[in-house]
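Reading through the structure tokens given below for one structure.
Chains: A, B, C and D, in written order; residue numbering restarts at 1 for each.
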Amino acid sequence: MNLSVNIGGLKLKNPVITASGTFGYGVEYEEFLDLNQIGAITVKGLSQHPAKGNPPGRIWETPCGMLNAIGLQNIGIAAFIKEKLPELRKYDTKIIANFFGDTIEEYAEAAARLSAAEGIHALEMNISCPNKQAGWIAFGTDPALTEKVVAAARKTATLPLIVKLSPNVTSIADMAKAAVNGGADALSVINTITGMAIDIETRRPRLSNIVGGLSGPAIRPIALQMIFQTFKAVKVPIIGMGGIMTGGDAIEFIIAGASAVAVGTANFVNPAASIEILKGIKDYMARHQIDDINTLTGGIIC
Amino acid sequence: MNLSVNIGGLKLKNPVITASGTFGYGVEYEEFLDLNQIGAITVKGLSQHPAKGNPPGRIWETPCGMLNAIGLQNIGIAAFIKEKLPELRKYDTKIIANFFGDTIEEYAEAAARLSAAEGIHALEMNISCPNKQAGWIAFGTDPALTEKVVAAARKTATLPLIVKLSPNVTSIADMAKAAVNGGADALSVINTITGMAIDIETRRPRLSNIVGGLSGPAIRPIALQMIFQTFKAVKVPIIGMGGIMTGGDAIEFIIAGASAVAVGTANFVNPAASIEILKGIKDYMARHQIDDINTLTGGIIC
Amino acid sequence: MKYWKYYLNRLFSADIIRNEHLVGRYFILEVTPNVAICETQVGQFFMLRPGESIDPLLLRPFSLLTFKSPSGQYPNGTLIFLIDAVGKGTNILKRLAVGTRFSIVGPLGRGFPPVADDEILFVVAGGIGIASVFGLTSVYLNTPFFFGVRTANMMSDLQAIGFNYWGENTFTASDDGSIGSKGSVLELLEKQVSEYKRDCGGKVKIYACGPHAMYKAMVKMNLDADIYVSLETPMACGVGTCLGCAVETTSGLQMVCKDGPVFNLKDIIWGG
Amino acid sequence: MKYWKYYLNRLFSADIIRNEHLVGRYFILEVTPNVAICETQVGQFFMLRPGESIDPLLLRPFSLLTFKSPSGQYPNGTLIFLIDAVGKGTNILKRLAVGTRFSIVGPLGRGFPPVADDEILFVVAGGIGIASVFGLTSVYLNTPFFFGVRTANMMSDLQAIGFNYWGENTFTASDDGSIGSKGSVLELLEKQVSEYKRDCGGKVKIYACGPHAMYKAMVKMNLDADIYVSLETPMACGVGTCLGCAVETTSGLQMVCKDGPVFNLKDIIWGG
């Protein structure tokens, strides 16, 4: 049974990845599961300088989902490379460094610095966080700007460059094309969907940032549709994510067009979710006599 | 306690409306609840000619939600006016005629015909169904076209004109402004969100139309955020909808900026949902000593 | 448990008085409504809410197995459902405790039409399909009954809990031969229908409930009979408003929940 | 019920052996883990999954009330939680049947620091906050215990099920005066602290768990003591990765689940 996949040059032993921001810097989970079994770990979004993020009132549970407005709090690229990466190098898995900048230049610099660090195997460029200001959000919603910022990072990056798309757009296909035109080797689809919740007793928003990003099973049908549209629009491999809780869900994403899947919110519900999902994928392949997971990608019969 | 609201000229005795497509032509529910208690009934989307809709495989349940791709099946404006409207006139409630066309002309003609019928109190223009072809979808996603089609219907309509917006856009604020520029007296926010589901055993989509519209509590945080953005962008009243199940949910939408709420999928879970929601609104007002529901609209404290 | 407080006709709350797990996935759910409910035809169905959570969200349709008339203990009678725990919602129902109050919508749809005096009725049940047609055995006493099961378990289960329609007019078949003849119950049906036609020549009605594959097989058999079958599609509203449960028929799309679930087999256009 | 199969340290399945409903909303949940679990400090917490549905989705944090050592019957001991059924998740937990197997993550976070020999400890519990600090009474025997409740019910409940720390060192107050003195337990605390200071002059530590309003009131009291409190915020991961449970402190944002839930009161910056 072949489970290995190639995500735009990033070779994984299996298609299960942990999603950025839901698995810390990876090492936090070593006592919950065997990290060597995971296809890849995507670390929390990194920026040039450490970022404090938003004030408290950062998460809220919603029907079959949750809102977050962490605000991209992170220890910064330097501290990550110095403190976390050496720990991660001990594991036989691949490390994807998720990163963002506030300007095109910052994106390009971050891509360069992370490419130079030993033990990082691919870069995931976050242009799609719903908790940032309007100006920033244009990176992920205006195709022309998307192409420009991706091209800038592409120039400095020496590792496979994955671009993470925002679902908060009229046409995910247009955004996917823009990212690929800019030089993306692969796409991550989707980031969280903008949402909010209000405490009716106080009339205040549940999140200090007012709006936040919706994740979890609630968004799965939306994510699946976007992966399907992206698969039709571009040729690069897709990492599918958004509400995957079980091996069956992962298979659904693969059939819609994903070459690999990322597990996000499910890690909070069950710290060992990624390994159970991998097991579910294998069970399905055995039951359906599928020898190579790659043959299932985009295998939807319409 | 004042519950009456004015939605762009449409006066309702209370702010609870049943959403189009989830309450049939109204009369089907007379044995489940007292229709006289509802603020208004929005009927299933009507077109010039009867429409057959999509083949079977039209609905599918998802986490805290459901997908539908009915494809706007309806008996046509003429049959509605002849067969259903006389029945509806017996009730002391307001009737909102939801309608759509395939061309700008059809929209204008439908608006004229429905305006002339006795017993209809307002028009809701559907430019936002996710189950139609790409060309049609532009009515609800391209602001210039939105303004144009709304203006055409505005010219022929003699009743309050409510425009129902699509959530499948980058900026709901831009769409709201376009509809208002076209002459909308009020806005309905939101229609369903595009989604899909796949049967992993057969690899076939669950819906014959492949994609469909997601509704129910899963989408509530997304809907709420869009109402909040719309309220900031335009001055016309908003009918808020998307996953409202309880009186508390309705209050959340009103605080975010809605002047009235529409109850959709909840009708399927409990045919008397709209009346329970109305009761919940009254309980909240009593508990918080709110004399007039209108004072709560947009009352979020940020 | 929260429940609805409106009792206009077909929306009521009911209390579980029995939740009996049979061998395998089947269970019997017996509930007593808190109001007098409408009379139910065999083949009609009720929508049950699977727990009070919003996931799973939608109500689930189930045929009425039998109705027990009002008694001193249960002034509104009791409704008995026979359910196969196939998925999320049915498994939640299976775990509900006796005493749980929950919401029901129904009876809904159109049941099996009456059988005329000059007609003979053959009843066919495939597996859990028995839930929908079982009621016919008390309306049409001793009517020939064809029951196909995967294995013997279910038969003995039903007998054990007091369903005794297994007289000489009952023809059974099982996939594994563990009860009745081995193979499809349709072969038994075909034989009996043609024998009846040959010996008596009268008009034959067949009322069937089972997997859709069984109906397709019946179409192919070209039986000389008027066949009515009960269809299953996913449902949201159950009352004809969402237009979700459409099925293709010779007279256009029809709604299973409102125009059915019982249809004349010859009117159905089978897709895929 | 589905449960996790990984037993690397702090992720385990457990079986419910007691689910006892007290008067009002409180209930006692006693579970026995299926593996030997890590040693727990007083003030640490566990994340419990409220049922197997995906709504509610997230695990819920609960302090350990007490741990019962391994016995022949329960080779991995038992964990006892005292829970207030305030919302969706806690009400689901309240209905779980004895025998239900479910998933737990923990122990998590940092508990109350050790008390030095030259210090005296005053323990303060506001309502359900007792769940987090009760364990201190078996580590620091006869330590003064201040318990504020809304009404007498809860006290008698706890006594009824065998918690007997109501000796002469216990000071109680209730909102309605139905037990102990009427009013805030903090007034009793303030009096005892200043008497102790006056009479003995030693260092005082106060460990408290209760509503955040209680902590804010304590800040205002300016007690001459080193005060540690257990904070509550919504949590997703419980292990420091989602960064959702942040709280403002004098040394920047800290995570309640990892840096806490026990913090030095003077380090907390109270918002709105």
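Here is the rule we go by: contacts are C-beta pairs under 8 Å (C-beta built on N, C-alpha and C of every residue); 3 or more make two chains touch, one makes a residue touch a chain.
Keep in mind the model is a prediction, meaning the values are calculated, not measured.
The interface holding more C-beta pairs in contact, when A-C is weighed against B-C, is B-C.
The mean-CA centres of subunit B and subunit D are about 47 angstrom from one another, to the nearest whole unit.
Chain centres here are Cα averages; for subunit B and subunit C they lie 36 Å apart. Centre-to-centre spacing of subunit C and subunit D amounts to 52 Å, using the average Cα coordinate of each chain. Shared contact sites, meaning residues of subunit B that touch two or more other chains, fall at 63-65, 216-217. Among the residues of subunit C, those touching two or more other chains are numbered 54-55. Shown here, the protein chains touch in all possible pairs. Note for the complex: subunit C touches subunit A at residues 54-55. Remark: subunit A residues 62-65, 67, 141, 168-170, 193-198, 200, 202-205, 210-211, 214, 216-222, 224-225, 228, 243, 248, 251-252, 255-256, 284, 299-302 touch subunit B in the complex. Put simply, subunit B touches subunit D in their complex at residues 63-64. Across the interface of their complex, subunit C is touched by residues 21-24, 28-29, 31-34, 44, 52-53, 55-56, 58-61, 63-66, 68, 70, 73, 216-217, 245, 265, 267-272, 275-276 of subunit B. If you check the complex, the residues on subunit C that touch subunit B are 4-6, 8-11, 49, 54-59, 103, 105, 233-248, 252-253, 271.
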